[in-house]
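Structures incoming, each one as structure tokens.
One chain, subunit A, links the two complexes that follow: it is found with subunit B in the first and with subunit C in the second.
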Partner chain A sequence: MSRRAGVSGGAVLAVGLLLAAVAGSFAWLDMPLAALFTATAVEEAGGFVARFFPPDLSAGFLAKVAWAGLETLAISLLSTLLAALGGAVLALPAAGRHGLAGRHAARFVLNLLRSVPELVWATLMVLAAGLGPFAGTLALALHTTGVLGRLFAEALENSPPTPAEALAGGGAPALVTFLYGTLPLVAPQWLAYALYRWEMNIRMAAILGFVGAGGLGALLYYSLSLFQEAQASTVIIAMLAMAVAVDGASAWLRRRAGA
Partner chain B sequence: MSFTLEGVGFTHANGHRALAGVDLRVAAGERVALIGASGAGKTTLLRVLAASLRPGSGRVELLGSAPWDAAPRDLRRLRARIGVVHQAPPIPPRQRVVTAVLAGRLGQWPLWKSLASLVLPVDPEGARRELARLDLAERLYDRCDCLSGGQLQRVALARVLYQQPDLLLADEPVSAMDPALSELTVALLNDEARRRGVTLVASLHAVDLALRHFPRVVGVKDGAILFDLPAGQVSEALLRELYAAEGGLPLAGSPLPSPSPEAGPAAGTLPPLRCA
Partner chain C sequence: MSATLRDPAALPRLGWTLTALMLLWPLLQLADFRPAALFEPGNLAAMGHFLAGFLPLETSPDFLALLGRATVDTLAMATAGIALAVLLAVPLGVVLTRSLSVSAIGPGRGGWVGQAVRGAARMLLAVLRGVPELVWALLFVRVFGLGPAAGVLALGITYGGMLGKVYGEILESTDARPARSLLEAGSGRLAALAYGLLPNAGQELLSYTVYRWECAVRASVVMGFVGAGGLGQLMDQSMKMLNGGEAATILATFLVLVLAADGASEALRRRMA
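Showing the complex of A and B:
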């Protein structure tokens, strides 16, 4: 194939198709964009927002929020930890360390876990394990195992095999070979991935309450259902504060680990 | 007999024949240098001797057992008695020096000891002793990525010394070192083998190093053994035939080069390593 300067015909075609798809989507979804900017709409939106202020800061409700926040934190921590363990166990065969059949089987399981979204897992777990934080933890752990397992496996595949081969060549058993020859190579990356998923899981744990899986989300759903916007506002602020705090903690930990 | 190879052949999956009909007998305590051009089959031969590569044909006997007829457990036991110095130090950069050295005995330790040593090194004094012979004792608790390339090579060497193998193999152990450090390393390997009465087989690219330090020299060409002679009987003509493809003899240079800033400290501060 000859190469020449300038934009290729394929690129022009791709951009054209993309624009056509955007225009088609607008037409298909029948979005009344203009209605968003009429005077009554703006007034109504303003009134809606105003009902959220001031947030409910009564001691009784704050205690409730703090308790739910702790529950959310516990859900996110525990689920990420379980997922990191499960991901590590599945990543080894998925990186092709136990033959081709093991690789395909592990990849299939990881794909399955990953392709079902957290909210769907949560709905299933609520049906299976009942309402509450246990269902939320399981749901997050299942989805995150799929994500982390895939990322862990890629880190494994990209790490040089020579240290582990040298140890195996010296008669070291498989587990020891992994701990001395492979884990030190991938540990910083694995830790960074796990912390990143923890940041995402704290936000997700806050939402899972909507389907009955406990934590701040349950409180938010409850407040909104009863049109208690002031209380909902407190819960949203708590979610925001927690997300910021966890992001900071995770960034600090990652810096400490030199990842 | 330390090891016996009879008619050993190996063909890579891509059809390249790396070894063909290799016969080699080495008695316990012998010190043998493998020399030959790049791609002659020296590394493949060493991997067969390390029981990490199963040859396609022929018979292999290492340290009194046939590795490829043995149960996996016995194969692991055999490998724990074979120490290999690799061309590039196979050490994870973030590992501490002490852990990297102690890893030499992972094949001999029970599982609990290996796991415990990850938390708290179980034998730091043993590691320090081997590192001291290489003038690196004060780096015991440093991380390996803080070391220079030459220092890392020495850590890898300390690991094999700590392993105390019955068969010591070295695959181009000095290819990345300056002449002074090469000389010291080869001398150290020979000292160790002599002191403990174990067999040493080293592949070397530099012919002069091989002839100076090893009593027995094996020339490998095109996957077969061209000659197998005492060092004193290796003739110029044989060497020329061995390296015909490379158009000249690869040499390491003089054992004691004029003091340069890089080579100086290594040569000057390693009293236990004086060449024999």
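Showing the complex of A and C:
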């Protein structure tokens, strides 16, 4: 029998390790996978799903959902805006425009902001600012500042420095140099990044309510806690619709801005 | 300054800025934007008390044992979730790939069947990934009770939707000619996939899966907030008891875990590239 071509010992080892990791994970978690597919479990799950239909479309509840949806939209827009401002402010030193020490300090802050998940920020902000949409806005803004700051800094580093150098050499003050020498070069990319984060933030903003930060998530959490699955399904549909609408709006804006 | 030296685009820019500011006002109202709330005595006291509790970190052996268990839970949840997601995504992704369509290569009937199946698969994937993983987790917790099982299934479903779509896109964008010539020579679809598409697309598929594993680690960290086990659940309990020392230790673990997953995934992907 001939050796099979293209399969190295390393690859076999890697696949073996991978399978071991997966099997180990399932074993550690002690998941009753078999129990999921017994007749009673399937029946129960079916009954649970059936309670979500039809969605609650009464005028009173729809008004509530619309209001929570507006709140969610406001949280996502405002937090993305704040994050774009904060990201721009931190991106300048992070791209090394203010010396090496500033670069390291800014990168550290950005990493810290970025590696704490939005939901954890939200629990902290609920403590700092009280329950409600303001806490959600702050939480999303903090995490997104970390993400956008890094992306903005990368865009800055990749943009040619010559226009800014020419302006600065001609005696323009620092602010004018930035506004007319650097910003026009990076603006389309910054806008594209900010819009992309907005698409993610509308989804996150809908969830933050789980920990008390307002919006559609709060409504979903309440209706599920009260076993009102029909209302929950209306909220989930609203979440999906908003995500699709924001995707569309963001794509349209990006096309218009030529980014 | 003479008029010609002015920025010719200044006026429209000013107009857009003013419009944006006017739109901003209702947004601030809707989001209940009150920075002053941060400095209200009640909130300041609660936060100050909580933050003051951060130091010293909680390092009692009992708590560390709990923390270690929760960390392994989190990693296992991410790995098992991705494994389920791959199981879900591979068949759907392959179904989406037009280059494996037998009816597309010749003047035969039945092309509409393939198209209908592809359309259905695309719809299914869109629904799976359209609902955020935390919402799935919240739903599964109601069905399967508290614990990591809900988290694993939620990750499997959302990430299955994402992976399936991207697998389909990667397979579509690889050179279709080898697969096509295999199909035209009479080989089956699976053979065409294995010998025509995978040699070119395999690396990218693997690398994307590893990247998604990294995302899954981050996602499973917060799954606990809805009762799906792992580090998040521990964090939730500590926050509710306003135990700053425990919360700080868990936060530090979060950071280390996320950064380590980042690093591991980058190293793995660089090795494969």
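What we mean here is this: the second predicted complex is superposed on the first by the 243 of 259 C-alpha atoms of A that agree within 3 Å, B and C clash if a C-alpha of one lies under 4 Å from a C-alpha of the other, contacts with A are read in each partner's own complex, and residues count from 1 in each chain.
Operating definition for what follows: contacts are C-beta pairs under 8 Å (C-beta built on N, C-alpha and C of every residue); 3 or more make two chains touch, one makes a residue touch a chain.
Since we're looking at a predicted model, the values are computed, not measured.
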item	value
Subunit B versus subunit C as contact partner of A:V211, first or second or both or neither	second
Most subunit A residues touched (candidates subunit B, subunit C)	C
Subunit B versus subunit C as contact partner of A:Y222, first or second or both or neither	neither
Contacts of A:A172 with subunit B and subunit C, given as first, second, both or neither	first
Partner chain in contact with A:T162 - subunit B first, subunit C second, else both or neither	first
Shared subunit A contacts, counted only where both subunit B and subunit C touch the same residue	180
Touching residues on subunit B, where the partner in the complex is subunit A	50-52, 76-84, 86, 88, 90-95, 99, 103-104, 106-108, 111, 114-115, 118, 163
Subunit C partner contacts - residues on subunit A that touch it in the complex	21-22, 24-26, 28-29, 31-32, 36, 44-45, 48, 70-71, 73-75, 77-78, 81, 111-112, 115-117, 119-120, 123, 127-130, 132-134, 136-137, 180, 203-204, 206-207, 210-211, 214, 220-221, 224, 236, 239-240, 243-244
Residue numbers on subunit C that touch subunit A, as the complex places them	7, 24, 26-28, 30-34, 37-38, 40, 43, 46-47, 50, 72-73, 75-77, 79-80, 83, 130-132, 134-135, 138-139, 142-144, 148-149, 152, 218, 221-222, 225-226, 232, 235-236, 239, 251, 254-255, 258-259
Subunit B contact footprint on subunit A (complex, rising order)	162-163, 165-173, 175-177, 179-181, 184-185, 187-188
